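Going by the order they are written in, the chains are A, B, C and D; count residues from 1 in each one.
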Amino acid sequence: MRIAFIGLGKMGSGIAWNLLEAGHQLTVYNRSPEKTKRFADRGAAVADSPAEACRNCEAALTMLADDQAVEAVVFGKDGIASALPAGAPHISHSTISTAFARRLTSEHEANGQAYLSVPVFGRPEAAENKKLIVVAAGASDLVERFRPLFDAMGRATFVVGAEPWQANAVKLCGNFMIGSMMESFGETFAVMRKAGVDHHAFLDIMNELFGSPVYKNYGGIIADERFSPAGFVLKLGLKDIRLVLQTSDEVTAPMPFASVLRDHLLDALAHGQTDLDWSSVGIVAARNAGLK
Amino acid sequence: MRIAFIGLGKMGSGIAWNLLEAGHQLTVYNRSPEKTKRFADRGAAVADSPAEACRNCEAALTMLADDQAVEAVVFGKDGIASALPAGAPHISHSTISTAFARRLTSEHEANGQAYLSVPVFGRPEAAENKKLIVVAAGASDLVERFRPLFDAMGRATFVVGAEPWQANAVKLCGNFMIGSMMESFGETFAVMRKAGVDHHAFLDIMNELFGSPVYKNYGGIIADERFSPAGFVLKLGLKDIRLVLQTSDEVTAPMPFASVLRDHLLDALAHGQTDLDWSSVGIVAARNAGLK
Amino acid sequence: MRIAFIGLGKMGSGIAWNLLEAGHQLTVYNRSPEKTKRFADRGAAVADSPAEACRNCEAALTMLADDQAVEAVVFGKDGIASALPAGAPHISHSTISTAFARRLTSEHEANGQAYLSVPVFGRPEAAENKKLIVVAAGASDLVERFRPLFDAMGRATFVVGAEPWQANAVKLCGNFMIGSMMESFGETFAVMRKAGVDHHAFLDIMNELFGSPVYKNYGGIIADERFSPAGFVLKLGLKDIRLVLQTSDEVTAPMPFASVLRDHLLDALAHGQTDLDWSSVGIVAARNAGLK
Amino acid sequence: MRIAFIGLGKMGSGIAWNLLEAGHQLTVYNRSPEKTKRFADRGAAVADSPAEACRNCEAALTMLADDQAVEAVVFGKDGIASALPAGAPHISHSTISTAFARRLTSEHEANGQAYLSVPVFGRPEAAENKKLIVVAAGASDLVERFRPLFDAMGRATFVVGAEPWQANAVKLCGNFMIGSMMESFGETFAVMRKAGVDHHAFLDIMNELFGSPVYKNYGGIIADERFSPAGFVLKLGLKDIRLVLQTSDEVTAPMPFASVLRDHLLDALAHGQTDLDWSSVGIVAARNAGLK
């Protein structure tokens, strides 16, 4: 397929590469153009603007940091909205708010364009190794038509609803599940340390109990305080928890754990952890217990 | 070894059976004597009191519901404390408070007896199938001497400290980790349902993401609301969270997630969920969101 | 002074009337024009649009429900921004977000206009009886120039900073203090009822202890469940708590009580309390305790 | 009346003095005897043990720090229980747990003695100046018979139930109301400081709004960080919040604000605030916001 791909950051570049490998015809755009080089070498076209990337494409894929970045690329000057061919979908892989997903849905529709929300779970290594978990929502014929793309980027694709924002709700709730695990480790590690028990031993037991690679990975990072370089910076983690709280507000469902998480992420931010990995929320409980 | 085994409930009977199978010589005691029958048939001696079970044993193992039950069996009339041979340890597998573990330690010591805390992770099926995770703390020579017992009851043994109560702290924190996962599912399932997303689909994605049998098991129970018959009743789950909060207080470490969990377990109790499985704490968030 | 006054709801009409009584020359505007009648009878001019109200005024005062309403009246067609004379301030009495107050500040400045945030504390009766507490922030010469207006509407004026949004932060935090008191009553009333103690007796004791008219008033409303007609509807109370959480996020300060309040207000909303008085958040704790 | 008075600490000495002034005949006992001197000079008898104080009395009043202290004085060697004449009540003014109040009720009853819980609100100055708020529960004829004592120690007496523990529930919930106010100030002061607003100005506005001497007093202490010398030390404040949580558990009523308060008091304890005034819980929010 002829694909416009916009956003070649840590996640986007892994995805775009796998689409190329799968034989798709890519036109890429990135704000800082040096990241486009290796894609050009591998046969991709390079565009000077999102609009130029979109001309003649069958779908425009975006992988960007947040609502503001997507808004700029879609509705800004020379943006996707100005050039996406009628009927072609904008497929957003970014972790954006459910409210903004609804706006994308209605504005693209008003332009005679289509829109799908297809966020993914996985860190940059997973993107590179085609191990992402892909969550799609939107008109089912469109989702099916572009499924080969999703299959090319991940290990499993889940379709969760006919309204695009529903996929974003799933993604945000999934990130909350991970954040909630981090906070749980943070609280127990603090108790363990104050109880004179090696918290690594506790982690070993939890790994035996839960048998989860995610627990093993993040639990290990928190136990060792390996927060830099960050896989996913804390300020973006806070953004996601903010968004899950907004979604919980939109659907009128209290989320007390998410509220605690928000407050601990703010505590982390106020203590200079902005650019550490977001799992560093797991040391807030220790600090509040007077440790270190 | 010559073992006194006291408490043949769901968990205890599985453990005791595996000890018999491993060739140990058991004298069993249970408050309701009918449960001792199949052990007698398999060659165990049956005692009329905890004290009688202990005479001449090398160790007395207890697997009981809570502090009160252990207190009665140890310090009550014809209790373990009155009969355990000098130097032999009382090995408690129950999920008891860290404070009570310290009392057991000091009182047994004052009697010239020994004490180990060896709580286990796992549901009754795991006890039956020798799949428990065993957590031991206490004097290391004693732990090593009785390790063959632990190997006979579980799939892995972890030694976490020289003070018995430390193993109870680990066990309580582990149960908190499970409860925390339940609450996290409860909150996200509520959001999913109100967002019009099938919460089973969300669970499938979380299973793919976390890859944990514990998530799969409890997530499924909560998603399907299969809370009865209970594997572990809510009132005992509340007891455990109460105890983890007590431990956090003893070591002076705040646990905001555990606090939320306590409040939601009380909410559950106030709504008639006392004898449902403790994972039914996962429907409190849904009820608070106005569902059902 | 020549004053444009926009927004003659429950609060605005009390304020505007007192300004008239104090001898100021008012031009009023209200979306539903029937509310302007008694002001016209008392000598005020009536305008057909915010812009028309502003022509030739020395200051434009607004008292509206929320950010959206203020945005429409200021930046919409025939809005204040299009007509406010150079140098004259827009004085906003509404409970708006700190972020929107910053936007008003910069946009009015870009237009050569001025801006003051002057929110007030008090229910409609207080507005009518000149008993409001007035909180002002902005350029101090401007605040001083218009102080006679503030003196005409309230019992005390507090100046809290040179940046207008600071007054909004104060107002939001003050509303949080009231909401926090409501939640505290909610939790204790629930415990009292379940303990078999008349919660009215508990309230009497709290009135003796705190000696606060605000405790007496809201405590009584919650104790008697007199939530309708609403003095201030719950959906607006939730808006305010949302905004205080946004402010806490902007300044990076965790607010765990505000987070609990948010979740209980959502719980209330999910149980049909949208148009009840916001003090009805005080029955959420009772419901969660299984009462009624 | 012939009164045994046990416990001449900051609170007890004020109360006992006012009883003497009112013409009652006191026999006093205090663990450290030097505090009895001024009572002896004023005509009180001094006893060597609680038991001796009780002989021949019409009622035995205790004002002690916590459950453990009351337990020692009542059930210890030469305790009240061993000497209180049949039919005479033990009247406990201490802030004790509802569970222990029930135990006192049943044990005194088993001894043919009576029991009333009559906790008080007020700081030492209030005790001295006869300004306490007195909360009584127990058999109503007994409460009425001893009402002259209560009138001699406080400014108002409230009778809240026929079961003594109900008065303790009221006292604990009242202390929670105060603690909750402290936390609310803590959170708003932190936001104010980070917003560049003088938090003393915010306090002035809250004083105008709430018009409560309690807000004025504690708000001022927190704003100025005047935590030492302590009027009521933080470790006792934590004890009270622990007890209110126990009561909420006994009656099955969630208290999320009390849970937050517990966690912040633990945070305070972990940061060396043990012997500061308990209002210093109000700086936890500031610390968590990265202040100072």
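Note that in this section contacts are C-beta pairs under 8 Å (C-beta built on N, C-alpha and C of every residue); 3 or more make two chains touch, one makes a residue touch a chain.
This structure is a prediction, so every number in the text was calculated from the model and none was measured.
Undergrad: C-D versus A-D: which has more C-beta pairs touching?
TA: C-D
Undergrad: Please flag the chain sitting at the greatest distance from subunit C, going by CA centroids.
TA: Using the mean of the C-alpha atoms as each chain's centre, the farthest one from subunit C is B.
Undergrad: In whole angstrom, what separates the CA-based centres of subunit C and subunit D?
TA: 38
Undergrad: Once you find the CA centre of subunit A and the CA centre of subunit D, what distance in Å lies between them?
TA: Subunit A and subunit D have C-alpha centres separated by 53 Å.
Undergrad: Find every residue in subunit A that makes contact with two or more other chains and list them.
TA: In subunit A, 248, 252-256, 260, 263-264, 266-267, 270, 288-290 touch at least two other chains.
Undergrad: Considering only which chains touch which, label the overall pattern as line, ring, star, complete or other.
TA: Basically all the chains touch each other, so complete.
Undergrad: Where on subunit D is subunit A touching in the complex?
TA: So the residues of subunit D in touch with subunit A come to 256, 263, 266-267, 270-272, 288-290.
Undergrad: Would you pull the subunit A residues touching subunit B in the complex into a rising list?
TA: Listed in rising order, the residues of subunit A that touch subunit B are 98, 121, 133, 135, 155-156, 158, 160-161, 163, 165-166, 169-170, 173-174, 176-178, 180-181, 183-185, 187-188, 190-192, 194-198, 201-202, 204-206, 208-215, 244, 247-248, 251-258, 260, 263-264, 285, 288-290.
Undergrad: In the complex of these two chains, what residues of subunit C are touching subunit A?
TA: Checking each residue of subunit C against subunit A gives 242, 245, 248-249, 252-256, 259-260, 262-264, 266-267, 269-270.
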